[in-house]
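In what follows, structures are represented as structure tokens.
Okay, so chain A shows up in both of these, paired with chain B first and chain C after.
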Partner chain A sequence: MAKYYDIDDIITEEEIVSVIFQKPASGVGIDPSSETDFIETGSKVELPFWLAHELQLRQAVSVNVPPCFNQKTRLEIQADSASVDLRSRCPFFYEFGCKIAPIVSDRTIGFLLLSAFKSRYKEVLTKAHTAAFAAGSKFWTILTKEEINLYEAAQSAMISFKKWRKGGPRFQIASILGRKRKSTE
Partner chain B sequence: MAGQSDAELSLFSAEELEFIAEDEIVDIVPNLKMGPLNFISGDFGPFIPQIVAQVPLWLAVALKKRGKCSICPPQWMSVDKLTQVLEAERNSQEMSEQLPFHYVEISRLLFDHAHDDIPDAYMVSIKMVLPCRIMPWGFFKCFALLSSVQVRSLIEDIRDVRFHKVETDLEAFNGRTIAVKIKNLSAMEVNIVRPFIGRALQAFYKHDSPELIPDPERVPDRRPQVVQNAPRRQLRR
Partner chain C sequence: MYGRKACELVKEFASVGKGQLTQYNSDLFEQVVAECSQHHLELQSLIRKMQEEGLDVQTARNADHYGALIHHLSLVRNKRCLMAYVNNRAEIIRSLVWKIGSVLPKEIEEKLSHTEEEYFSKYSGELKKYMSKMELDLTVDMVPPKDPYIKVRVLDDIGDGIVLSDKTANFARHSIHFLKRTDAEQFISRGLMEELTG
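Showing the complex of A and B:
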């Protein structure tokens, strides 16, 4: 419950996963393709993660591995992890992976996350502390939220150091004071 | 300021580090006569004209601003010493231990407030280099020494080299190594990389936790546990 108010955590749990119902359910309108409000056993429905998780705890559904952890993505990450566009696949790749791994009982997801982060971390590290790097570049657009946080932490530290080294006025006059003086003149 | 809005990573800003660095002791040559000053941190003085006294940097800067003293730059802030340090830094992956912990802050403070004192200190080294004039490039070498610009750029170079070393050291992080030992890191260098390292280590810790990468034996008894929990909770209600 520590992350109850964490907006990133909420968005992560909004991620859609596909599930297969193990029990029939009636009176639920969660499957837009079905004509009645009845869901048969074995039907495949796409649900947000938070709902799928609760249903899975009650053994009503079984959760499939989401597309961002499929074989194709894995191969791409193995080939050249630094240039894979993880953001378009899932902006909260790592957080979502941590949540989904115990549910789909796929042990390889943990390894995938660690190896992907390990190799992408180096890429972020080499670029993060050079302030000359423009924010609008291509590199920026393929990072996941967690990597962007890391990148921004390094950038802001570097920028504040550079600002300090350049010097400038130490004590800034509050804008309201400046205005007051002008009006009297 | 880096991370000040983030309560989890409580950090120093560069200005705060500068404040801490102002407690370092420097030598000054006062040109006023004044009795000793008694502060909580100790007694400084008495101040007698042309007699070297040791004071904290903040006091030295305050006196300097009023034109009451000249600051003797510390020994390491000489072209000779700095060239030596730069050479040493370039030659090995180890961080050199010849610079003080607050060298970035101290050098900046001295450049800002006492930069007219810095070239004076190099008259000595200029005299030493003068024989080089016999050689064709010697003249240019002397010429460059005449300003504090060289000290400044030397310190910049040293800082860049050292920072690059820190970055290559940090590349060694992966899930298994949870710590990297870097000796003789200075205050400002630590401060710059701190938010990055903090977050990176948190992420590595999270992704390397045994829950995500489990021992093969432990997995089978974990999953049913979760399933059993659900009905039990319902009974309690």
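Showing the complex of A and C:
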């Protein structure tokens, strides 16, 4: 439960997966396509991950592979993973994949994540260390949240190093107050 | 319903950069709390229905049970989102006390709710009590010191006759002073002065 308060974890678990109900459920209006409050056995519903996970533990649903891990994405990753726009598929591609791998009946998700990460990692680091701030922006839009954290960590390491070499001011305005300080007359 | 509004609240918190605060969204917060009550009511009515049918609530696994389960899980999820929202904001407020001191700048005060402002003042009061017992100011030297004195330029009009640890000084705008690092650190982190190098 170390990630209970973690904001990224909460947002990751909100991803939609499609499930098939193995048991009926009454009194819930969660299925927008059905007219009544009753969900039949065998009906296909889109649920957020946190709900699907809990229901699957109690064997009330079976979870299908989400669309961000489908065949099309796999082929793109095999072809050239560094340019695949993972953020539009799922901004928490790796975290979500790790969570969904044990409950979906698909053993290959782990390998997919590993190979995608290995090839993209090299790209992320080279771009972060060499490109100037604005130049890397196009590349930035296809990265997932975890990769962005890596990218920013590498960039801030570079900036700190340059600052140390140059010797700049060491005291800074508190970051919460923002960069531009308006003068209050 | 079913945790979507609660997730909106969390996403709004995450939408600004790390360590920044958004305006406290009391409307959305209240709505999520109201949703929790709603889920609870539905849960109770489903359980009651099961009891009326004479089923054992602990072990029966019919449609009502799964419906009640979904309501329960949504409630727990709402709770998690609300707790994370409040907790993360409280963490940022605590770090504020260490960086800026006990006076809240106006632009941040607007973003906090009433209880959060109380939390800020209580926390900074406790910190002051602790520091006075130890006779040590813990909020200075956040960056390891190199020189006891530094050169600063005043950015905003702070006022005249400010009492520092070894002298009084008049801080007119754009004036340059040679201050003790421990005094200047407080003003720099509030953005009222900047450090001059070279």
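Heads up, the rule we're going with is that the second predicted complex is superposed on the first by the 163 of 185 C-alpha atoms of A that agree within 3 Å, B and C clash if a C-alpha of one lies under 4 Å from a C-alpha of the other, contacts with A are read in each partner's own complex, and residues count from 1 in each chain.
What we mean here is this: a contact is a pair of C-beta atoms (placed from the backbone, for glycine too) under 8 Å apart; a residue touches a chain by one contact, two chains touch by 3 or more.
Given the structure is predicted, the values throughout are model-derived calculations rather than measurements.
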Field: Which of chain B and chain C A:G167 touches, first, second, both or neither
entry: both
Message: Is A:Q71 touching anything from chain B or chain C once the two structures are fitted on A? First, second, both or neither.
response: neither
Message: According to the stated criteria, A:A25 is in contact with first (chain B), second (chain C), both, or neither; which is it?
response: second
Message: A:H129 in the overlay: touching chain B, chain C, both, or neither? Say first, second, both or neither.
response: first
Query: Who does A:Y4 touch here: chain B (first), chain C (second), both, or neither?
result: second
- prompt: Regarding the shared-chain residue A:L55, is it in contact with chain B (first), chain C (second), both, or neither?
  reply: second
Task: Applying the touch criterion given at the start, work out whether A:A153 contacts chain B, chain C, both or neither, answering first, second, both or neither.
output: first
Contacts on chain A seen with chain B and repeated with chain C across the two complexes: 58, 167, 170
Query: What residues of chain A sit close enough to touch chain C in their complex?
result: 4-8, 10-11, 14, 23-30, 37-38, 48, 50-51, 54-55, 58, 60, 167-177, 181, 183-184
Field: For the chain B and chain A complex, residues of the former touching the latter
entry: 1-3, 9, 11, 13-15, 18, 104, 108, 112, 163, 167, 170-171, 173-175, 188, 191-196, 198-200, 203-204, 206-208, 211-214, 219, 222-223, 226-227, 229-230
Task: Would you mind writing out the residues of chain A in touch with chain B in their complex?
output: 57-59, 94, 98, 101-102, 105, 107, 109-111, 113-114, 117-118, 121-122, 125-126, 128-129, 146, 149-150, 153-154, 156-158, 160-161, 163-165, 167, 170
Query: Where on chain C is chain A touching in the complex?
result: 1-4, 7, 10-11, 13-14, 19-21, 42, 45-46, 61-64, 66-71, 73-74, 77, 80-81, 83-84, 87-88, 92, 95-96, 99-100, 105-108, 143, 146, 150, 155-156, 184-185, 188-191, 194-198
